[in-house]
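Each remark here refers to the structure printed beneath this line.
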Amino acid sequence: MIQQKEIVLSEHSRGFHLITDEILSQIDLPKAGILNLFIKHTSASLTINENFDSTVLDDFETVFNLLVPEDMPYYTHTVEGSDDMPAHIKSSLTDSSINIPITDGKLNLGEWQGIYLCEFRNRARSRKLVVTIYS
Amino acid sequence: MIQQKEIVLSEHSRGFHLITDEILSQIDLPKAGILNLFIKHTSASLTINENFDSTVLDDFETVFNLLVPEDMPYYTHTVEGSDDMPAHIKSSLTDSSINIPITDGKLNLGEWQGIYLCEFRNRARSRKLVVTIYS
Amino acid sequence: MIQQKEIVLSEHSRGFHLITDEILSQIDLPKAGILNLFIKHTSASLTINENFDSTVLDDFETVFNLLVPEDMPYYTHTVEGSDDMPAHIKSSLTDSSINIPITDGKLNLGEWQGIYLCEFRNRARSRKLVVTIYS
C-alpha cells in the first residue's frame, strides 16, 4: 500500500537543522514499511545524522563550506549569487531523498539518529517535501 | 505492485548529463508510487540537480575534479588509469540509486530538478540501469 | 509485501569493508523487489562500490581522511574524540541507507559492485542494520 502527501517545512536559516519532530507531526505511520522523504529543491537537501549535540550541526556547516567554498574563480554558474552553485554541489553530496524503515508503528532510527534539513541558501524559504509511505 | 526492467543509456562523455527525458521515454509510470533507478556501475553514478542551466553541469565537473583529484601519489589502485580510482570515490559521493515519487502519473520532481548521469570515466560507454517501480 | 528484520554485523576495524556475503547469509530474497539496508548509526555508513581489488578499499580510507581531516581547529564537537566529528560528516557524504533491486531471486548488482560498510571510528564495534525487503 502506498500513501503519499506533500508537506511544507517551516522556514529554516542557512545551516543544518533537525526536523524529525516537524515531519512526524505531519504524518501517520503504519505498523511496518518504509518512509521515503523527497525534497523538491536543488539547493537544500536531506541527510540523517546525530540528533543530540547542536555543535554537530554547526560543524556540518563549517565543513561543507570548506569542501565547497564560495566565490571561487572557477565557477561559471554565478547569476543567482555566490551561495547558489555551491548549494547545488552540497545538495548532491548529501541526499535528495532518504528512506527510513518503519517498525512497530515508529521510525526505526538508531538512538542517536535524526533527520536533517540541509539549507544551503542564505535567504531562507520554506521547502517542500513529498512523503511516500509504503507498507 | 513491482515492475522492473533494465535499460541501457546512450553513451555520454565524461561529465554530468541530464537524462530525465531519456529515462522517461523508456518507461511507463503508474498513477502513484516510487521510481527507483539503480546504476550497475562503480565509475558512473546518478544524482538529482538543477535542470535548466548547462553551466551547472560544467561546474559539477570542475568541483568534483577538485574534490577528488587525479594522479595523486597516495593512490594505490592505479592499474585502470588515472581517472579510475577518483571515479570510484566520486560515485560514492553521489548515488548508485535514486528514488523519485510518482504522483498523478508523473515524476513528482520540483520545477528545477532533473536526473543526472554522472560519467566519471574518460572513455564513454553505455551504462545499464535497473528501473524498479512500485505502486 | 514487506519483510523486515534487524541484523548485527560482525565487528570491522576502521576502514571500508565488503559485506555483501555477510548480509546475504542472513536474509532470504524474493523473486523480484527491492532490498533496503538501513544502518542505525551516525559514524558508520553504507555505500556500493568496486568488489574486486582491495586497494580500492584502502584508497577510500585515504581519500576520505583527506576530504574530512581530523584534529582541525575549526571543530567544536570534540568531546567524543578526534575521529568522531569527521565520522559524522563522512557518514553523510556516503549513505545511511541503500536500495538494491532484486531480480530472479538475486541482488541485481553490476558485475563489479559490492556492498561496503564504511567504519569511521577507531574503536570497532558491531553495527546494526535494518533490512527491509519489498516484493
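Order as written gives the chain letters A, B and C; numbering starts at 1 within each chain.
Definition applied: a residue touches a chain if its C-beta (ideal position, glycine included) is under 8 Å from a C-beta of that chain, and two chains touch if they have at least 3 such contacts.
The model shown is predicted, which means the values in this text are computed figures rather than measured ones.
The pairing of chain A with chain B is characterised as different-residue: of all residue numbers used at this interface, under half are used by both copies. Superposing the C-alpha atoms of chain A onto chain C requires a rotation of 120 degrees, rounded to the nearest 5.
With centres defined as mean CA coordinates, chain B is found 20 Å away from chain A.
Residue positions of chain B with contacts to 2 or more other chains are 67, 93, 95, 99, 134. Interface of chain A with chain B (complex): residues 2, 4, 36, 38-42, 67-68, 74-77, 79, 85, 88-89, 91-93, 95-97, 99, 128, 130, 132, 134. Within the complex formed with chain C, the residues of chain A that make contact are 32-34, 47-50, 53, 55-56, 58-60, 62-63, 66-67, 93-95, 98-101, 103, 108-113, 116, 134-135.
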